[in-house]
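Next come two complexes built around subunit A: one with subunit B, the other with subunit C.
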Partner chain A sequence: MKKIFVATLFVAFSTLLSAQADTSKTKNKKDKKVTDGTKEVNWGQIHGNFGLDAQYYFTDSLIAAPVVPEKFRMNGFLNLVYTNGNFSAGLRYEAYLPKPLLGFDTRYTGQGIPFRYASYKLGGLEATAGTFYEQFGNGLVLRAYEERSLGFDNFIDGFRAKYTPIQGITLTGLVGKQRFFWNWGPGLIKGFNADVNFTDLFPKLAEKKIRLKIGGSFVSKYQDNENITSPLDPNQILNLPLNVGTWSGRLGFGLGRFSMNAELAYKINDPNRTNNYIYKPGSAFYFSASYVQKGLGITLQAKRIENFDFRSDRNMTGQPLLMNFIPMLNKQHTYALAASVYPYAVQTNGELGMQADINFTTPKWLAHKYPTQININFSMVNALDTNLTDDLYGYRTDVFGFGRRLYMDANIEISQKISKKVKINLMGMYLFLDKNLVQGFGSTPRLINAGIVVADVQYKFLPKHTIRMELQGLITAQELEHLDDRTNGSWAMGLIEYTFSPHFFVSFMDQWNVGNPTEEYQIHYITGQVGYNHGSTRITFGYGRQRAGIICVGGVCRQVPASNGFTLSIMSSF
Partner chain B sequence: MKNIVVAIVCFGLASLGFAQNNLPAVTIQDMKCGAFNTSQIQNNGKPIIISFWATWCKPCIAELTAIAENYEDWKSETGVKIIAISIDDARNVAKVEPFVNGKSWEYEVYCDPNGDFKRAMSVNTVPHTFLIDGQGNIVWQHNSYNPGDEDELLELTKKVSKGEKISN
Partner chain C sequence: MGMKTKISVGILIGLMMIVSGCDYIDPPYSHDAPKACDTVVATFTPRLPGDKMKKVLVEDITGHRCGNCPRAAETIATLQSTYGEQVVALGLHSILAGAFTDLYPSDTVANPQQKYIYDFRTTVAMDIDQHFGVSTAGLPNGMVNRKSFSGSTVVGYTTWSSHVASELSTPQQVDIQIKNFWDPSTNSLCSFYYVEAMQNLSASYNICLYIMEDSMVHWQKDYMATPSDIEFYTHRHVLRGTVNGTWLGTQINSGNPLTNGGEYSQAYTITVDPAQWNVNQLYVVAFVYDVATYEVIQAEEMKLIP
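Showing the complex of A and B:
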């Protein structure tokens, strides 16, 4: 099958090359008179990127690193995109040899070309055959995307057409199946989306600084019937819906400095493994409002998610075959202790969340020579308040039924340039997390309260030479009932980095679980890295201990086991 | 397996002949959620810098802040226009406009929430910076940011604005 696709792609590709060559010849005949005869053929352009991550593993029982008998593993890919005028085609070769790196799903083991497509634009129509990524609205009912650092890839393989009859109206239709490692998921996805931007259609609105946009989507999946016994009665076989439909409506409105954006989505009964095969319909609501002026930006966001895990396989859990995207509404932290010791993971089957975010620069009259930049952020997420029922609907809940608190985060970050040579960044944060509920370890409360402080100082001692230092502390009570846990109690972290612009860097980092109640587990996770950049190529080489934890990028998280070893990473674009 | 190798070799050879030098035409969003086609990116024959960034990317913010301090001088010396493409997804895209205003950045900013332009430009990770000459050709690109990189970028932009040839 794969061979046929590759072959087809090449035929399409070569036909097109000659077709395009012909047209450019004709075109160039006219040009010839002017440009004195050098006949140019339009061969189009090829570009792409390449990435390789490899690790050589050592055994390290102290940090509970899984044993890797083959010692060496790598993830690699190569993307190639060919464009010529309105035509484009591309493919991606991937290899996970002999197995994917620790922490990635082992079902990726192998190599091949899972991603390949051809696409053509004609007037307002764009047609794509093969694999593609897509997002409708905020992604509540459909989002196909890739997050390579997490091993997440749920592209759709099929057909898609986008049509823009006039500026301001976009219609999209698609049919296909989703990637499931080296295969496809069982569900067939059909989707339709329309967006109408009234500001484009009626210039008078723009004159009055009014922005108005509406949109709507319909997405359905079809999956064959199967015998699944009722969770209530083992003798009863469930009467499954084979087609599950979702729809959403969106409104975007703006007046001058104010903007708001709301989306409401609904899903018919979709008994699946993540909701324990209940027949209750699902819903999702997302709202965002913002105000901006020079030197100030304020965002307020809220959401309510109920029973909205949507996949092209009703029996799937974890990362694979997700069809939609529920955005997390908390700050995406990047300082290590804030980002990855107690991260939040989105609860697709029920949560109520809100966030306020303020960014401002101190006005000139207040600041000394260099203005101060400040970010204040607050977010809170609660579970739904549910009353379990003994029917196939599973539970009852109110629209504003706030259940147990899952997460809360209040933080302030201050950036200040002190002189031409010195810049500092300070952060303080309070964090609350119900670790058991959020990470799916059961409903017994396991409450974490933590304070985090970060100081990040950069000193450019010569024009191209900079030293940067980070000191971080995470202060929290010891969990004496979890003495086997290697993430327990307070942490300290230090990082020192030297950069020589534009090519070279070296860094050294120590994360130390200083407050672990088990003395043996007061481990130093030390890593060292050197890197070299040239243009769009970056090579880094490192050695160290990676602590176990959850890594989240862009709202999706994955468990990463501890590891100890040498790492090599090469990234390049052309 | 043999097919794959052949495919890679073919494409690899082909790519030697014609690497990317023009901007692809992709529809993304402006900060007000209106549609914006990247083929509209232009600066009247003057150089353009395109910088891919995200609100959660510390080195990206460091780079754009360092340039923002001297952006007026850059513009008057070279006529350059900076276009910042945020790759924040639905989680953070609503925060992009308030973030940019909060930082008082004067850049043209667009949002690429599902990575369509990022893929079309073969960007692996952010920050990734492209320098475009007055004819719309990509003449230089750089991945990652170290303090001081902006000085090199300014020197290259000056050369490009004078019509001199540069390469990576």
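Showing the complex of A and C:
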């Protein structure tokens, strides 16, 4: 079926192209408009990008790297998008050969063209057939997106229409099924969204610097009935809702330097595997307010999520077939020890979170020569305080009932240019995490308190020649009883990177599990990389040991096993 | 209202009606499953001390196109000949193992010998595999009592015999008995478990009742055979499904600690399709595990039709 569709698409392409070629008397090259006197022929444009990540694996029993019998694995893709005026069409070829890289879902094994679409615009209408990505509001009720570094892709395959009757009003309707590796999930998704931007509708608001937007969404999922035994009594079969509906309303308001954005969403009873088949309705609330002026930016955010895991298959867990997205209200750290040792994974079935973020630049009269940039960030997430019921309703909870603390992060980052040649960046951070609860290893607490410090110095010793050095430390004393754990206790890390702009870079990094209570596991994870950039192409080659851990993007995470080997990465676009 | 606005409002309402499909379920949230256990009463008595024995669960994550997997199956056969019924085995065919468990095309032109067209894969095997990450580590691989040995729950078959020996040397904590009642008129199975705690056990425990089909004859890849595709290979201990819910099973004593001498029993019923499964080769495999660590403390198996 997939193949037939792709073939049709190609035929449609070539027919389109040849039909246009017939009308012109001269043969033209791509991307060129040529006039033959009476008609202008537009051949349209093709753009795309290409990416390949490959690794050659060695066995390394010390770090417990899984044995890869085939030694070599790769993930690769090529996107092609053709546009011609109001028409566009695209496809993506993907290959995971002979299997996806370690840590990616092995159900991706294979190759093919999962992604293909055609779309056109006419008046205020934009119609798309095939695969597409979409987000309603903040994504609380619908977000179809791709995050390649996680191996996450939940595009919708079906039809979508967007209609803009007048500037400031956008209506979207869609219907389709979601990607499930090389197939589709069992649930049918129907969605409708309306956004009204009053600032566009009433120019007087813009004159008064008032920004006002409202929006609303409905999303429904249909899945066939099946016999699922009750988790409370296996001699009982669940009465399943086949249609599960969600809706949300949102408001965006801005006045001068102040702006805010709030969204409230509701989901009817949706017994599914992630909530252990309970019938309690779900709700989600998200709020963000910010104030920005020269030299100062303040953002305050809060959310309350209750039983809001929404998928197009009630029996699915993990990453596949997620229909919605719960925003992460924690700083997305970039320094390795802060980002990937104890990251936070969003708890879609219950959490209360808040974040404050302040950016401050010292004013000119205070800074001698170069201003100091300071970022202060605090975030905290708690579970809901729940009272379990003895039936399948599940639990009851208060709106403001705070349960167990899941995560806390308080950090300060200072950035200072010392001279034309030297720039330093310092970070200090305190972190708390209930590792078992957050990373899904069970409900026995495994509480971690850690302090992290980072110093990052950049020295441009000659024009085009820069050396950058990072020193990082993570200190924790909480995990010492887990003697079997190969990534445990305190860490030290050093990185040195040399860049010869604009083409070359070399870097060398050592992550050392210096505080592992098992002496044998005080392992150095050393990696080296060489990279070459040219235009929009980047090639990186490396060798090293990768520690076992968890990678999170936007609060969505995947487990990564340890590995040892050569890596090659090529990214390019045209 | 202008014509254009009217049309827009009409479309809007139409779309909302299409989209807002909602099935509200009021209590009760469930209904009775077809019952075979209604007509059956099972009684248990504790086994005599000399009849009790520690039993260990060995799970072999395997695939019909995995050419080294017969080595793991042979290891289990050796273990069972050494320790007898003290070794309870399951063969898991997981879709996560990719090509190892995938099927060949079933059309007779592309695949005249009809190799590898039988689908051994089950949801329960996938769930277990996904949780413990077994096939991510490559096949063949397995687990002994789902216990972590030197930091790894997934252990290679060459190490099974030492892990089995060390597990069998630990004291028995619970004793499990199973009674099966098969009703051929309704194709339904009523299965009882009975757990006797042999000491005070402070953790929270679950019991799993799985359905296993033994000795299924289908194609198997074997790199040590010539040719390497074996048509009439006997697949042992194939995990087919569950009797009591998901792969996680159900709580014993509502998740509360077990007291020495405490007896816990429960009956479950499922329907079996004899066209799919050979009922004469079906077994119920039961095991008790610690919910916090997933470690299995005792296993048992019983044939469906004795």
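Note that the second predicted complex is superposed on the first by the 548 of 574 C-alpha atoms of A that agree within 3 Å, B and C clash if a C-alpha of one lies under 4 Å from a C-alpha of the other, contacts with A are read in each partner's own complex, and residues count from 1 in each chain.
The rule is simple: contacts are C-beta pairs under 8 Å (C-beta built on N, C-alpha and C of every residue); 3 or more make two chains touch, one makes a residue touch a chain.
Given the structure is predicted, the values throughout are model-derived calculations rather than measurements.
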Touched partner set for A:Y56, first subunit B, second subunit C, both or neither: neither
Which superposed partner A:L91 touches (first subunit B, second subunit C, both, neither): first
Which of subunit B and subunit C A:F253 touches, first, second, both or neither: neither
Partner chain(s) touched by A:D200 [first = subunit B, second = subunit C, both, neither]: first
Which superposed partner A:Y222 touches (first subunit B, second subunit C, both, neither): second
Subunit B versus subunit C as contact partner of A:P327, first or second or both or neither: first
First (subunit B), second (subunit C), both or neither touched by A:Y395: neither
Residue contacts on subunit A - larger count, subunit B or subunit C: B
Subunit B versus subunit C as contact partner of A:G297, first or second or both or neither: first
Contact residues of subunit A, present in both the subunit B and the subunit C interface: none
Subunit B - residues contacting subunit A, complex: 1, 3-4, 7-8, 10-11, 14-15, 17-22, 24, 27, 32-35, 55-58, 65, 69, 89-92, 94-95, 97-104, 113-116, 119-125, 128, 140-144, 146-149, 151-152, 168
Complex contacts: residues of subunit C adjacent to subunit A: 4, 8, 11-12, 15-16, 18-25, 27-33, 35, 37, 95-99, 123, 130, 133, 135-138, 148, 150-152, 154, 243-246, 250, 268-269, 291-292
Residues of subunit A touching subunit B in the complex: 2-3, 6, 10, 43-49, 51, 78-83, 88, 91, 93, 111-113, 133-135, 138-139, 143, 145-146, 167-168, 170, 195, 197, 199-200, 211, 213, 252, 254, 259, 261, 288, 290-299, 301, 325, 327-329, 332-334, 357-361, 371, 373, 375, 415, 417, 458, 460, 463-466, 468, 499-502, 505, 533-538, 554-555, 571-574
Contacting residues of subunit A [partner subunit C, same complex]: 64, 66-69, 98-99, 102-103, 105-107, 109, 163, 165, 171, 173, 190-192, 194, 218-220, 222, 227, 229-231, 233-245, 247, 268-269, 271, 273, 279, 315, 317-318, 391-393, 442-444, 484-486, 559, 561
